[in-house]
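Pasting the structures in now, so scroll down.
Okay, so chain A shows up in both of these, paired with chain B first and chain C after.
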Partner chain A sequence: MAFAAFGTSAAPVEQAPRRKSRIALLLLAPGLAYLALFFLTPLVSLVMTSFQAPVEFGDVGQYQPAFKVENYAIVVEAYWPHFLRAFGYAIAATVFALLISYPLAYFIGVKARRWPLLQALMLVLVIAPFFISFLLRTLAWKALMSDESGIVVFLKSLSIIPEDGHLTGTAFSVIFGLTYNFIPFMTLPIYTTLERLDTRYLEAGSDLYASPASTFWRVTVPLSLPGVVSGTLLTFIPASGDYINASASFLGSAQTQMVGNAIEANFISLLNYPEAAALSVILMGVILLLVALYVRRTGTEDLL
Partner chain B sequence: MAGGAFAEAGADLELVGIHKRFPGFTAIDDLDLRIPAGSFFALLGPSGCGKTTTLRLVAGLEQPTSGRILIGGKDVTDVKSFKRPVNTVFQSYALFPHMTVLENVAFGLRRRGISDATAKAHEALRLVELDHLATRKPQQLSGGQQQRVALARAVVNRPALLLLDEPLGALDLKLRRQMQLELKSIQTEVGLTFLHVTHDQEEAMTMADTVAVMNKGQIEQMGAPEELYELPRTAFVANFLGQSNLFTGRVTSSTGSSIVVETGGTKLEVPKERAQRHTGEVTIGVRPEKLMLHTSPPKKAAGVNVLGPGRVTDVSFSGVSTQYQIAIPGVGLVTVFAQNMVFGPVVNLGAEAWVAWTVDHGFGLVDEPEHAPRFAADTDTATIAVQTRHELLAEIEES
Partner chain C sequence: MKLSLGKWLLPLYSVLALIFLLVPIVYTFVFSFNDSVKSNIVWVGFTFDKWANVCDAQGLCAAFATSILVGVVATVIATVLGTLMAIALARFRFRGRSAISLLLFLPMATPEVVLGAGLAAQFLSAGIPKGLGTIIIAHALFCLSFVVVTVKARVASLDPALEEAGRDLYGSPFQVFLRVTLPLLLPGITAAALLSFALSFDDFIITRFNNGGVETLPVFIYTAAARGVPAEANVIASAVFLLALVLVVVQQLTSASRRKRLAKLG
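Take a look at the complex of A and B:
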């Protein structure tokens, strides 16, 4: 009896997913074509460029296909401080952005629930900076932190900054700029998870002898972890490749150059395409590795 | 640890002069309540009567506007919820979705730093027969299983007082009946004090030792389920706890043991000890299942009240019994529940019928009839139409 029942039901069960997968493939086709054209092709081209060698007796910027693996060794040797700075600054900016964004998102998403108008207003304020170009905003910070600005004069009068010191062109100003520019990317994903947080879980925690601090660490934080992970990724990945904040024309100087600046310089000014490409490939690889480790550590694999 | 002593047995709960005002309304108005240790106490009432607020006050999730809360003789009014020896089974269960069933159950024990929390959690899960699902996440369980996990999570802490906030509300009828019996047996087994909040009168009556009927932030009547059912004091209790036929009239005479009330030209007797008031305009009542339906005028006998003749206006079959509505001139609609001893209705729609009941089954209420207009026979549409017309005419005359 039972076997017969299995026998008859097996056939249609097997058919259904096949038909479904064909439709799914059809629906995926435009997306796959797009990815092949605009992601896979440039990626392959980039990897191939990274192995190119200069044309003998050719002009500056003339390269031919080759398999010059030394390009990678050369760029690591020449630019390892840039890599260190890039990941150091990006991690610092991510941590600061998280420390600022979490309380902000908690306030908007949980505490301000009773006042929807305030909630909406604060969300608008978080997004408002996007209405102005991020280059302009970064330049505005450059002006605010310049040696002539009131802030710097005031800090110098308090001897917080030495007489011959500067704010711009330091690691501080670069990390500050990165933090500032990525706060909305951190705040919004955390806000969306906290906004859905069921406060009855907090009451249950309190009912089960957990102090407010304990409830926060054991209930609120784990439940908002998906938002924290996506926020930190949205901050860390673009920040580690950023070349605006650290560039000398914005908040950085020659001593604060990140790997993004090195890539930009090699591509745009030095016309050293293979080295620029090799730097990009290494940057991408390291980011992928760090993100994979991070996601595994936080146990949020299903997000990817 | 937190909150001091945790009794192995339950502790009594005492509410003294509790008021709770929210902006715009008063949820609880001068509530005094004492629940003895080890009892299964049910707070019964319609939604918005203040029963859930009472529960939240005891749990410490709300602060009373005034009044004191004592658990086991100790004043806990100003004690934070996480330090009270109280646990709640929430209506929504509120199981932590990021933890396994076992971690959920062990949560309270771990926060209090109790040793071998895991072993105790397993033991509690065995009590609710869910130990085999300890490693699952709450979302992977059915509603009934989640309810049992919520119960285990609360019971495992051996609180002096266990609060149940309509925990069976989300379950279907059959599962609810099963859970009611299980809850009752667990309560007997662990010997804790249970405070159960519900709007389901059947649930309250089957489970609790003592039922308090709450209305508009106050307790209308409190007592054993049978006592409350057989002898309601107010019209609210008479109608919220089961159904009642209520009649109003003036007390015309009284004999040694009973009063005689004249309603719609008929004299009805009610035992004195079952009547709250013995003079003036009174409301008396009788439960529908206590009524006997007659198709011919029943013989006058001592100790029996007879109403009729009337017309059967509705017959509805409900399995165990059949419900008849009989319109009696001058009295209004009378409901009769008759056991289905034969196939089909005994009396047909439109037939002439009399109802009779033993005097001992009647009860007299405390309410002043004029303050309770719902006793007017306004249940049929014709009466409502007449009343509306009167109101409209009065309005036109005024203007």
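Take a look at the complex of A and C:
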């Protein structure tokens, strides 16, 4: 059911004539009004909040409009490790998710074509995690990785982790959780491009004396690139803003806090709205910049 | 003998990857039968109690009901607005079309924490008290783009000749829309609505910034996580999971049989 949303490109739209644009406007108006009111205005609000200054002699959480650019310097100074962790963890999780997803998507999309029932079953299994609460899934891993769990006892007996070591609350567990939670977002778009892959191209590759490996790298990978780009974006963007996996009551600890945790803490617990807003603006800016660079580099601008 | 990559390694790898995906689901399901008292981390013993008395966990069923309510209302808003936009974008050429597509893509490219904080900042500066209403507004917003993408794909694959036939038979534009276009779009709209409900039902990151004390199911779980989630939460999650699984399997089977019927006809 969710496949369509992950499709990388819709079927070509037939060129409808430029007609009745009044009707089009009428159809678009309510949705556009909604987006203007609850997407664009909040972004403006966020930028304005990021420049606010505390009310003199006011209570905690009271701010007034100002042009306090220092807010940005303050948050960068205080939270640069959070930014590094957010992007570092998100990149690592994206790479691991790709390594797990690509072979899986290839098997479902290309090898399992002969058995439609198997293909359908495997797809259902890929999206199955969507049907169970994201928080409970993450808590399940927390329990499985807790110090009392068999896994940790076993790893300690093999001296893979030291006697006083832990699995939860480490960079490893946070990256693990992020990877796990975003695998379906990576697998589905890659699957949709591989599923359309014409296997005659692969035969052509071997007819031209290319080894299977070089056929894979020079035919299959380029043809599936749009899916890989969509998948990596669908993983990287939410992963870099996530604050569940890195939270201390889930898989993280005080040492693994990402920028999302800083935004959450500042906004909700500390009521420091300007700093939370400044962090959000920087996060969004960096993500847009990285996405633009990435999309240009892979030559897939038309995806957007 | 040469180890054939495609023969054994790839299927084995795929099966392992799928098992990896299923581990937390199986865990959640198994622990819904745990005879635990408060925190549900250590296995105590098998019981059906939690399934029989789900609402014994304080606040759980109320949170579940709130999640359903929010999901339904947000889905209706997002599906209506999104379907209209999808039809306009797929069927009409007009200036600013690509700008609107970009505007619809942006909420999907914005990290949820930024969407949540932005809306919260907006409600704060406008002096709107947070609660059920603000949760619904937030959910409908992030569902909207997904609805447009899903329905647009369906509109684009629609044969315009069918609508032309409707007009040739003297159907008014409104009749053609209601009796030809809409029924043909229905599978796409249903898929979009289901996706939208699923996204809303599971959202925590944005809800956290805009709930103002109202508990949805994820908020309940998050709050409980600090001291231990009761097994009853696993029961609800498992039940929802099984229901969704049945829905998907039925949908797959009906679309497979429809394809078969079409193949027979043509």
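Worth a mention:
What we mean here is this: the second predicted complex is superposed on the first by the 273 of 304 C-alpha atoms of A that agree within 3 Å, B and C clash if a C-alpha of one lies under 4 Å from a C-alpha of the other, contacts with A are read in each partner's own complex, and residues count from 1 in each chain.
The definition used in the following text is that a contact is a pair of C-beta atoms (placed from the backbone, for glycine too) under 8 Å apart; a residue touches a chain by one contact, two chains touch by 3 or more.
Predicted model only: the values in this text are computed from it and were never measured.
When the two structures are aligned on the shared chain, A:287 is found in touch with chain C, with no touch to chain B. Judged by the touch definition given at the top, the superposed model places A:54 against neither chain B nor chain C. When the two structures are aligned on the shared chain, A:250 is found in touch with chain C, with no touch to chain B. Of the two partner chains, chain C is the only one that A:260 touches; chain B does not reach it.
By the touch criterion stated above, A:88 is placed in contact with neither chain B nor chain C.
The partner that reaches more residues of chain A, of the two candidates chain B and chain C, is C.
Contacts of A:226 after superposition on the shared chain: neither chain B nor chain C is touched. The contact surfaces that chain B and chain C form on chain A in the two complexes overlap at residues 212. Residues 198, 200-201, 203-212, 214-215, 218-219, 222-223, 225 of chain A are the ones that touch chain B when the two sit in their complex. Across the complex, chain B meets chain A through its residues 1-3, 59-61, 80-83, 86-88, 90, 92, 94-98, 107-108, 111-112, 153, 157. Within the complex formed with chain A, the chain C residues making contact are 5-6, 10-11, 13-14, 17-18, 20-25, 27-28, 31, 41-42, 77, 80-82, 84-85, 87-95, 100, 102-107, 109-115, 117-122, 124-125, 137-138, 140-141, 144, 146, 148-150, 152-154, 156-157, 160, 188, 191-192, 194-195, 198, 202, 204-205, 208-209, 217-218, 221-222, 225-226, 229, 233-234, 237-238, 240-241, 244-245, 247-249, 251-252, 256. If you check the complex, the residues on chain A that touch chain C are 1-2, 4-5, 7, 10-21, 23-25, 27-28, 30-32, 34-35, 38-43, 45-46, 48-49, 100-101, 103-104, 106-108, 111, 116, 120, 122, 124-141, 143-144, 146, 148, 180, 183-184, 212, 233, 237-238, 240-244, 249-250, 260, 263-264, 267-268, 273, 276-277, 280, 283-284, 287-288, 291, 304.
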